[in-house]
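Structure below; questions to follow.
Note that the chains are named A, B and C in the order they appear, and that numbering of residues resets to 1 at the start of each chain.
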């Protein structure tokens, strides 16, 4: 069965489409090396990168973002993987529906509902908004992504393999641990990378439930961007682009194994 | 020989249909037993109930006298060779074979695994992955993986159906030889009657969830108890309520004399290489198929002929 | 197995129940309360907040959200389909081209929105460039309007349209196209009469994946629309921060949720839940 080849016109269009997708970011990155803060090229310079890496607020918020992302990722990956496995064995309509609902709920709604929830909760517990509230919120919206990715991987696993394991003397937990888990591990890692990027990048929900001392990098970037264009943001953007880009490339490689 | 496996009135009823209905059978120790039937007859479901992947809705399953009807698969000393082999893709051949051993206490895993691989003639490929070996080799790994656990009964779910047709005969012979050597009871499920006949000490024929007949290959083929069994094991000519196998149906241009023979007209003669199939029609429009040696006389469409058979070759049903 | 499975599902259930469903229940109840004197909540229970939504101002915001989301979705479809077609026909390099679509998507939505601020502002690249080559003499006001928001949304969600379209095209039986050609259909006819109809599931999925987030967008209209392009998301955020009218904000949120669910029920097929 031969696949039809793309016509030249289609190829040209694709080129334009890819340009549209990538040029804005490339331009952003290019201008991060611009000496001046104006959109006129005035010479190559690393000064904006230097400024970014020296800014205490930026560094602290990046650290916060990393901590939150790592903790939230670990939790949501573990929970989500176990959940996907359980659903794969036998579906639970209520749970699947909740997860689906979670995915389609607009971020702003998730955010304000969590804010309302926390404020209500704080009437009984003597706690405040802070890193922990952010982490919990991130877990809440990441799990569904993990479930989707791991589920997709599980669908490629032959259900007979676990039966064979049981047949050979393994109990249910051993069958999961020695047969299924190794088979889905690339998917689990890909899910973790996805959860990490989603968490690290989140602004809307985080801004609503973060406390005073738990500013994240997106919050700082937002504040700067709100005030207008600042090449420091360009520099940060380029760094994030490279960082995330690597993560996603790794994830793609993993998902194709 | 004592019974190693016993099924008593085992049924699997679903709301919509009965997959298995009241199946009872006994397997003797060391025998090669086949469950034969068309797809959907319930033979695989029966196998899965013996293995523990499905629970019967009625009946009992006993292994060496002990009731295992509701035991988990890993609590039964029964092992399965799956139709698609179900080899663990992330483990090597050797690790696959060792898998069951590692779930038990004890040692010498590697040694016992290698012995099993020797038995199936795969020594030398123990470090390969399942994706790196051929279909026939994978089947042997699955066999080794199960045999190394010395199960009381080895269940085989159509293990030859995924192989190339020209490979099947060879693998069949190897399978029989291995079974003889290890002396383990084999329960072999298939829809191919030639496989069942050539491999089995005894076989059981199933249809629509029920076990129609159990017996040796000769008994099943020559003395089928129902029309279904007769028709499934080979061709049958139905003439006036009596069944006669094509190879027992004699046909000639001259009447035999000592036997009453029916006149018929040849419709078609097909050369099959080792024999000739002659299709003829009786005066009452009933079709008859006779299998004749290619060394005898030839027949052409339209030839008037006579058809007869030995009474001993008649298939009679109770 | 059932006990093990229960243990496996329990953690996620707990998280869903406490950190998703319970919060939704809370704002549901809040939507029926009244705004307290200093922000916050007080009795009495009243459906006033919902009734306020019928005000022309808010209906206008609703309407704007719909047509911005709708237009963005249509543009994504028009831009995305040929791209998906290209990728499906690019032979051995399919994965590369697919990755090139996914790559920008995963690098910070915030930054990708900021990129357009950088390009479109009065002293941004586009204006500077156009002025330099003499097309215009004073900067165009490209930012802080509905158009900029649409551009930002299309840019942000195009991959969401391309991926399901590609998935459907991938699964297309090439024999069908060969049969069409054999029966005399020219390429354009084959495209409109065979390929497009068969892509309906992909178009459906892509539409859901683009329209719904666009409807509830917050960041894009906030940064690229300034205060000029207020969508539902901005309204909600406003009520929970500046205006401190939680009952009204809750009511708007729940209305948005209801709209989303209605859309899903009508657009999504049963097998859309195969996602999970």
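Assume a contact is a pair of C-beta atoms (placed from the backbone, for glycine too) under 8 Å apart; a residue touches a chain by one contact, two chains touch by 3 or more.
Note that this is a predicted model, so its numbers are computed, not measured.
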Checklist entry - Taking mean CA positions as centres, which chain lies farthest from chain A? => result B
Next on the checklist: Looking only at C-beta pair counts, which chain-chain interface has the most contacts?
Outcome noted: A-C
Checklist entry - If you average the CA atoms of chain A and of chain C, how many Å lie between those two points? => result 17
Item to check | Between chain B and chain A, distance of the C-alpha-averaged centres to the nearest whole Å | outcome: 54
Next on the checklist: Report the inter-centroid distance (CA atoms only) between chain B and chain C in whole Å.
Outcome noted: 58
Item to check | Residue numbers of chain B (touch at least two other chains) | outcome: none
Checklist outcome for this item: Listed in rising order, chain C residues that touch 2 or more other chains are none
Checklist entry - In the complex of these two chains, what residues of chain A are touching chain B? => result 158, 160-161, 163-171, 174, 178-179, 182-183
Checklist outcome for this item: chain A residues touching chain C in their complex are 1-7, 10-11, 13-14, 17-18, 20-22, 24-25, 27-28, 31, 38-40, 78-80, 82-83, 85-87, 89-90, 92, 95-110, 112-117, 120, 136-137, 139-140, 143-144, 147-148, 151, 172-173, 176, 197, 201, 203-204, 208, 218, 221-222, 225-226, 228-229, 233-234, 236-237, 240-241, 244-245, 247-249, 252, 256
Next on the checklist: Quick check: in the complex, which residue numbers of chain B touch chain A?
Outcome noted: 51-53, 72-74, 78-80, 82, 84, 86-90, 99-100, 103-104, 145-146, 149
Next on the checklist: Residue numbers of chain C touching chain A in their complex, please.
Outcome noted: 1, 4-9, 11-13, 15-16, 19-24, 26-27, 30, 79, 82-83, 85-91, 95, 97, 99-104, 106-112, 114-119, 121, 123-125, 128, 155, 158-159, 174-175, 177, 187, 208, 212-213, 215-219, 223, 233, 236-237, 240, 246, 249-250, 253, 256-257, 260, 264, 273, 275-276
